[in-house]
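Naming follows writing order (A, B and C), and every chain is counted from residue 1.
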Amino acid sequence: MSTFTIHTQKKEECIDITTRVAAALEEQKISTGLVNIFVPHTTAGVTINENADPDVISDFLKGMRAFVPDSGFKHAEGNSPAHIRSSLIGVSLCVQIDNGALVLGTWQGIYFCEFDGPRTRKVQIAFYAT
Amino acid sequence: MSTFTIHTQKKEECIDITTRVAAALEEQKISTGLVNIFVPHTTAGVTINENADPDVISDFLKGMRAFVPDSGFKHAEGNSPAHIRSSLIGVSLCVQIDNGALVLGTWQGIYFCEFDGPRTRKVQIAFYAT
Amino acid sequence: MSTFTIHTQKKEECIDITTRVAAALEEQKISTGLVNIFVPHTTAGVTINENADPDVISDFLKGMRAFVPDSGFKHAEGNSPAHIRSSLIGVSLCVQIDNGALVLGTWQGIYFCEFDGPRTRKVQIAFYAT
């Protein structure tokens, strides 16, 4: 298992972590298997989406804001929308490994999703060889 | 693989199952690996969220109600919103195991999500050692 | 790892792929383990939902349309709602294997979700024996 730290800069943002996951895989010398990417937080998440046009990610964040109302909740910290977005997107993601590489589609990138930043965050990566 | 039963009491509720997953892990004597928590139902789900302030969970359920309309669907049983919520949250969750314990963040709990109760439900837990 | 192709016919549709995943498992002769189903696209997804009444699936697609607005986004291709739906539903799904079979609930089917068709799509299946 390896862990890395992310310092988010905004209230809501998505950070491409594909290169960091691939670098952790390279150290493992695993040919075939599975990697689990896990976010140990309750107001953040991890997802896969397009890594070409940055408008896709800004539209994604806009969409996430649009359908979770920003007010009307009880939790005193005031960040319930971020908690809800975390459960909708999820904090655990599995990606297949083949020929020693992540098997991702042409346009896919792995994104850490910050929904209540800026904060210092951790990402846990664990590999399972077959 | 082990299975346990939950008797939900309300139409919609989240039940913290972290202790039950941890207890199943303890029986397995696995040091490092992955656990998959799977809900074999189509109107329920499994998620991770904050286990400290119970308002987070009640706000989560309120949010889930807010953005899936309760009517306007065709399915004769009338529980389409619960089916939609199940797919949004998901029925399959992987958590990493290290040093014989679940690797969860400080505030994270694993929750069974009932979207169409009260019902008798099952949760399947499978472990994969590395 | 095995891959199969799907030719979707509509803008939005869900296609039951349970039989294809089960057929791929049969070739593997795995008794106990985990299967990961992965969609290498950013405007599609994979989910589990009811395989009995087809209204559940059409209601699911209706719900997905209802809470992601169809316009107001910047991405020039015009398919940002499909990218958002992909991240909400997810592109990676794990299902447990026991006694050489997928362990699914009575009413559960595995569905490929097209959110920006018609297109030619791929589904990657990888097995992990225990």
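Here is the rule we go by: a residue touches a chain if its C-beta (ideal position, glycine included) is under 8 Å from a C-beta of that chain, and two chains touch if they have at least 3 such contacts.
These numbers were taken from a predicted model, which means no experiment stands behind them.
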Practice item. Examine where the copies chain A and chain C touch and state whether the two sides share over half of their residue numbers (same) or under half (different). Key: different
**Study point:** Rigid-body rotation angle, chain B and chain A, from Cα fit (steps of 5°)
**Key:** 120
Exercise for review: Please work out the Cα centroid separation of chain A and chain C, and write it as a whole number of Å.
Suggested key: 20
Practice item. Among the residues of chain B, pick out those that touch two or more other chains and give their numbers. Key: 34, 67, 88, 90, 94, 128
Revision key, fill the gap. The residues of chain A that touch chain B in their complex are 1, 34, 36, 38-42, 67-69, 72-77, 80-81, 83-84, 86-88, 90-92, 94, 122, 124, 126-129
Check your understanding: Once bound in the complex, which stretches of chain A touch chain C?
Key -> 32-34, 47-50, 53, 55-56, 58-60, 62-64, 66-67, 88-90, 93-96, 98, 103-108, 128, 130
